[in-house]
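Two complexes follow with subunit A in common, the first pairing it with subunit B and the second with subunit C.
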Partner chain A sequence: MIRRLALRRLGFLAALLVASVASILAHEAARSVYPHLVYITGWALLALMLVLTGYNARKKLPFLPLLKSSTWLQIHLYLGLFTGLAFILHLQWRWPGGVFEALLSALFVGVTLSGIVGWWISRTLPKRLTTAGGEVPYERIPVIRRALREEAEALVLGAIPTAKATTLADFYTGRLAAFFDGPANFRAHALGSRRPLATLLDDFIEVDRFLGPAEKETSAKLAALVRQKDTLDFHRTAQLLLKSWLFVHIPLTYGLLVFSFVHIVLVYAFSGGAR
Partner chain B sequence: MSTTAAPAHDRPRRWDSPFSDEITDADVQSLLSRAPFVNMKADNFPRSATLPDVLKNDTRICRYKKGEIIVREGDYGTSAFLILRGTARVVLSPALPPSAVGRREPARRGIFRAIAQLWGNAKEDEVARKRDRSRFMRQDEGETHIILQDIPRILDKHRTATINAGDFFGEIAALSRMPRTATILADEDDTQLLEVRWQGLRDLMRYDPALRSHIDRIYRERALSTYLAEIPFLKHLDEAGKAKVMAATQFETYGDYDWSGDYKKLAQSGGSAGKEPVIASEGDYPNGIVMMRAGFARLTQRYGGGHRTLNYLGSGRIYGWNEIAHNWRQPDNTVPLQHTLRVIGYTHVLVIPASIIEQVVLPSLPKHLLPDLIKTEGADAASPFTRTPFALAEEKAKDSPEKKSEAASAESRVGSELMEFLTANRFFNGTETMVIDMDRCTRCDDCVRACASTHDNNPRFLRHGPTHDSIMVAQACMHCADPVCMIGCPTGAIHRDSFEGQVVINPATCIGCTACANNCPYGSIRMTEQRDESGGILIASDAKPIVKATKCDLCIDQYGGPACERACPHDALARINLNTLDDLAAWLHR
Partner chain C sequence: MSQGRTPSPDFDGTRYERPNKNWICGNTCDGCPCRIGPSPSGECRATTECKPQLVTPPGETKGTWKCTRPKDWGGPCPNGPLPDGTCCKSVPKCKPVRSLRSRRGLVTRAFVIACIALLLIGLGGSLRESFVNPAPLSDSHSSLEFARLAARQADLPAKEAGQGCIACHEGMNAPFTTLAADAVSSAKSGLAFAKLPTPHPKDFSRMDASCVACHTEHSFHQPNVARDTSCSVCHIEHRGSGPLTPVTSQHCASCHSDADQMRLAAEKSATLPASLFAKLSAPGVVLHPAGRPPGGYTQLISSFAKDHPEFQVIREKQTDKNTLKFNHALHLSGDTIPTLGGKALDCASCHQPDASGAFMQRVTFEKNCRACHSLNIDETTPGLELPHGDPVFARAFLRSLPTQYADHAKRTLGMANQREIDAYVKEKITGMRERTLSGENLERSVFFADAATGDATIIAGRQGLARARFAGCAYCHEVTPQGNAAPVVTPPQTPDRWMQHSSFNHAKHTAMSCTSCHGAHFSSSTADIIMPKRQSCVSCHSPQNRAGDSCMTCHTYHNPEPAGHAAVLEAILAK
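Right after this comes the complex of A and B.
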């Protein structure tokens, strides 16, 4: 039995495919008989962009009966892909020559690509977060980071009188203090690399050779804290990415809308008797 | 946000909002001179809640014309009634259709009021508005009475009984936090009733042992006859057989009425199934069937050195039926109980002795309704997933093979680990539990923002909570089947909506005593400081902030249901009834 969400995806994909093929065929057929087709595709493109932007307005009006957000998102995603095709048809399969039009087109591509990237990370990162465990709200991350740092420092300081040596403390100061002090390894976590953590844990093996039994016990606890901090850093990275892609997508969208309105004014101002 | 404190206010108190303003001192004196109040010892009542005070503030006198409906079957009610004058008629069976009794959905905001939230919502958090205070001040006043048409026809087609002056009714719903079990209408013109809200009834019962034992007795009698009428296998019995079953049935209660404290202690001590009280044990001889009436019980089976949770049983589920039916059919090859039934929370059960089942019930049943024999060996041995046996048998007779397998496998689709998680955390109690699929949740907090937008800029839940695998149960009011938060409320501010039973708080009558927040086993109620329109915190005359209890109200007055669920872009969040596993199984495999 096909699950409900898979069935929904199939339905939208089928609708996208049919609409795309029909639009291309209709466009190519009309192109030869209707010389000002570009005006129609332009207005259609603007209408599609306004509908797509409407999703952001829906999010700000949760108390109005305006369909579920998940329904809006599905429409936004597939309509967004279709709008990409409408854009290509409007350009008549060629990149524009003028500076303003090129900039407008670049904005469109930027909005589309940032949307696709956002879609992809929204589908992949939540699973990685769940697998990593240690779920934590984003706002709580600095508090937990500070608690981990204080716990690590207390462990290291507590080991000095027992061991009558500062080997572990020196290791902490030289190798771990910066790691515990703030967010670390953003790029590695974003790319899914475990290398920084593995390197740190290898350093523990190195330093363990110089530690007594009591210090080794502290070192093991410290390594556990390093793993916790690494998970916390991963949560920060992933949640930051999940939140911040919208800070690219939405400003580009509003920029695109402004440029589009200017484009319309320019087209109608300078088209003269072409219409 | 302003941090300047507003001028001091009087701290809200229990009887700031009495049940009715219309009850006079003369009415109170009149009540005190008649049974049962005349027999009550005033000295038994504390100074903080004297008998006249309880009568003055927690009761009201209502008058009904002949045929007017007093309570409707299925409505949630938090008050009981004493007939002062006249008689009332209770419709026993069959129940009246909803259209005849005028059941209607609660009023939601109109479209214009929904849109007006764009500019009408306060800029500050938790602003205590005057219009809200007046709107909620009398939650039940202004109710229009509904007159039942064509009473002679109803008397002809429905079995009814009469309740006379001096009798109580409505106490089952008021005391058990369950819906009204029957429709009751006035049988004479100018029938006069004393309506007692449950906080008052609780005090009267607490300080007058005679009333307590009287209410307990009628509660048991009426509840038993109502509950037995719902048992499917009694449908096949004649009247004599039903009477035998009724006479032999025992009504038992396990656990503490306010089980929240026990649960918290158990959880703190790392509680496990092994520490919960047992109703019936695996391996014992089955000497009766246990039918769940209210609350929940955990079904476990020995596994290694511990106990594995196989299911939890809620209202209407039956335990021990398969074993007794097996032993009746195969007296030479008897089996003991296959599972242990443990108390989780406050649990009402009916116990029907095995001898009555064997002598009266089983011989009356058609063969296709008998359960399958229990297999003690092989792969199919003793299926642990004890569903209501009649539901299964009827499914077997009617449904397609696909439907049968889907229904029978809800427990296996959920999985034993998740079931253990739900049971250990008592989440089965939730009828609108907020579950989040963390594999789909992008942590965007659109749900939190939507909740804040629809609730005074202050979200009514935390997007955080216990997690099993990828399923998180967020800290949001679950609108429990057994809402223990309501137990200690001194004013009735926290109550069930009469139509659909959502647990809601009336801010006008909440005095900020924190009883509900402390009682909630799930930490889903938060006390929030109240502010005036300029954002200043309201300070009481004792120089402390005025706080009120806040929690999810399921967007009861908004279009389209809970804003959190509608705001989730990724279909990650759902409000699910966990009383049974069917909805959860369907959502997990959506």
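Right after this comes the complex of A and C.
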């Protein structure tokens, strides 16, 4: 399976490379011969953009027998990279100087870069999620978090009559209540840092010196819950990142389409030199 | 993250908020969403935990309300329904929140609306010109003067013409719907899909008419051009401030390396009268009559260094029709040539650049020849010289020789005594008569003696100590006898320009010696045209070397339209 995926990726990469080199050579050769080349590359670019946008529509129409979604994704990724090259060829290797065209180009660059970032996130975070374990649907995370909190609170409350002391309860109130109450350490999880968890677990070691044997047992269970909650927070962070890059990619895509439509109208309306 | 892989937590896999829902329960973030969830329009539907059911056992009429709370919510509650049949466990109301997907859609819609608003602001009103301008214009098309000119042409008040975009883009101030209609019309005509992959320059167009409104006489290239080319093919605007983007050789090659275009041009050329191709030049400038090749200048050329044909004067082995007899090689390297001011003759002795330095001044007898070539017909009377330029004057001079000697005695020798003058004249005339025997002989030797028969051959004996002795008019000129009338001396006609279809600037080539291009040392005949060969230019003007090899280095695209061009074309079309 992995070998097949690698082969498929290699095939797409080779196709991308060949298409890119061929496009550059053909474009440079045709540049001095075809005065309308910029219109041809423009329409090609629009067609590519529409195909890329079509992936979103394809996801909404799963019943249609139009290739597998994973194949569409692969096509979307490599065609997206090729579209970047088509964009450069359409601009004829120069950055536009006008306000409208600069905005249009910025939108295109934004879509492309957000796509690349999304691609990178989609390639790296799932591996980290698998390594971390504790798979859970994103929408179910609040319920599980609540269950963990309730379990932690029950443990702490249950330890008070046994120990006849509130040391562990105080530790929970002062140090762990906020942690269990909601999502925590988003930035640290996004950056792959384990420092917040390590600090919390160090605090457990500190407080253990003041606990009796029964409380220590409860403390160990509580530490296990902290680890579970930390994993849950990591899942929330990673899954949120996996979803949130689309908050940039998709709006920019539709904005780009709007600008592209106006661009076509303006180009054709002001193309007196080509009539 | 935990140490090692953490097992998945326990949760009810059948119950969670589906990601495709637009609204989720407001209590979800607290981990306790209600069972029913919000309505599709985002309203909370929470009421009670169950809907009690009235159970009426057989034989009873009243019946009992039973709790119907499902098992996964804890099963029937201990208190049971209230007497009126309502559930005792009411669910607190929440404020439903949008799902991530719904929020993404909202952000997308908001962004699209923002884009449309930005476009409306940019395209509407006074900002449009700056907003849609793809890049700054060249200096000449972005000045205030240009805007004023545009306003005048559009018959608008200056303030309404804005930055002058209207000069080229008629629809600049039109509503967007008009622009859209214009775009559709353009897409159906000149920019139709089928026409886009046409490997020819764009046709002359509406916008080009705007260009030639100011740039008169710039719409014409050659009478045999098969298809006119739009100004914007070569002169690309909106490429930043400064001068317009330089025209490149590729622009020329787009036609001149196109076999179809050149074939059509050659065919058209054959149908047009030669007079239409006459090269116009500045008044007084003499062009070498190179003649036009039968097919015109329609050879396929992709670049100067690669396949530009040999220059016409060299290729066709053309000759200089000038009747003046001149030997470059002799003057430059002949042992018999005297020095001039102690210096051997070189090219600059005769050829001096004009004020611009681009071309050479015309060589004249007075400036360049007289210093060596004396018109003195009597060696014993230095200073007495024939008039140059008109054979009638020369003959009159010869026929009034006694008067000329007397005048010479008075003016040059300062004689005042008439008897002394008469004696001087008599002595001179006697000497002349002894040498020439008669006036007819004298006239014949003056006019018709040439290099073979005249005295010039003895210049060599003078060892450069004096000026060359006058040999006879025919030594340099073509002299035709006219019976009793004065002979005709064909005026020398040295062309000022040898290659009329190209320009050259000597001032840019001063680092080179003249003879590195002009083979004057090897030319002994006036008929030799000692212009450089193409290869001589290519040795510097090629991509491999430093000098540029753009077509525009030597050629100019624009020409003034020849008189009658339109009428001739109409006549041909009518035929």
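Everything that follows uses one rule, which is that the second predicted complex is superposed on the first by the 271 of 275 C-alpha atoms of A that agree within 3 Å, B and C clash if a C-alpha of one lies under 4 Å from a C-alpha of the other, contacts with A are read in each partner's own complex, and residues count from 1 in each chain.
Criterion: contacts are C-beta pairs under 8 Å (C-beta built on N, C-alpha and C of every residue); 3 or more make two chains touch, one makes a residue touch a chain.
Keep in mind it's a predicted model, so treat the numbers as computed, not measured.
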**Asked** A:Pro126 contacts which: subunit B (first), subunit C (second), both, neither?
**Response** first
**Message:** Taking the superposition on A as described, I'd like to know which of subunit B and subunit C A:Ile144 touches: first, second, both or neither.
**Reply:** second
**Request:** Based on the superposed arrangement, let me know which partner A:Ile40 touches: subunit B (first), subunit C (second), both, or neither?
**Result:** second
**Asked** Touch check for A:Phe270: first (subunit B), second (subunit C), both, or neither?
**Response** second
**Per-residue touch tally on subunit A - higher for subunit B or for subunit C** = C
**Request:** Pick one for A:Ser20: touches subunit B only (first), subunit C only (second), both, or neither.
**Result:** neither
**Message:** Looking at A:Trp72, would you say it contacts subunit B, subunit C, both, or neither? Reply first, second, both or neither.
**Reply:** first
**Request:** Check whether A:Glu135 is in contact with subunit B, with subunit C, with both or with neither, and answer first, second, both or neither.
**Result:** both
**Which of subunit B and subunit C A:Asn56 touches, first, second, both or neither** = neither
**Prompt:** For subunit A, which residues lie in the overlap of the subunit B contacts and the subunit C contacts?
**Reply:** 135, 137-138, 243
**Request:** Flag every residue of subunit B that touches subunit A in the complex, lowest number first.
**Result:** 111, 114-115, 117-118, 438-444, 446, 449-450, 453-454, 463-464, 467, 469-470, 472, 558-560, 563, 565-572, 589-590
**Message:** Give the list of subunit C residues in touch with subunit A in this complex.
**Reply:** 1-9, 11, 16-19, 24, 28-33, 100, 103-104, 107-108, 110-112, 114-116, 118-119, 122-123, 130-136, 168-172, 176, 179-180, 182-184, 186-187, 189-191, 193, 195-203, 205-208, 210, 230-233, 238, 240, 248, 250-251, 253-254, 258
**Request:** Going by the contact rule at the top, pick out the subunit A residues touching subunit B in the complex.
**Result:** 3-5, 59, 61-65, 68-70, 72-73, 122, 125-127, 129-130, 135, 137-138, 239, 242-243
**Asked** Which residues, counting only subunit A, touch subunit C once they are in their complex?
**Response** 31-36, 39-40, 43, 96-101, 103, 131-140, 142-149, 182, 189, 194, 197, 227-228, 230-232, 234, 243-244, 246-247, 250-252, 254-255, 258-259, 262, 264-275
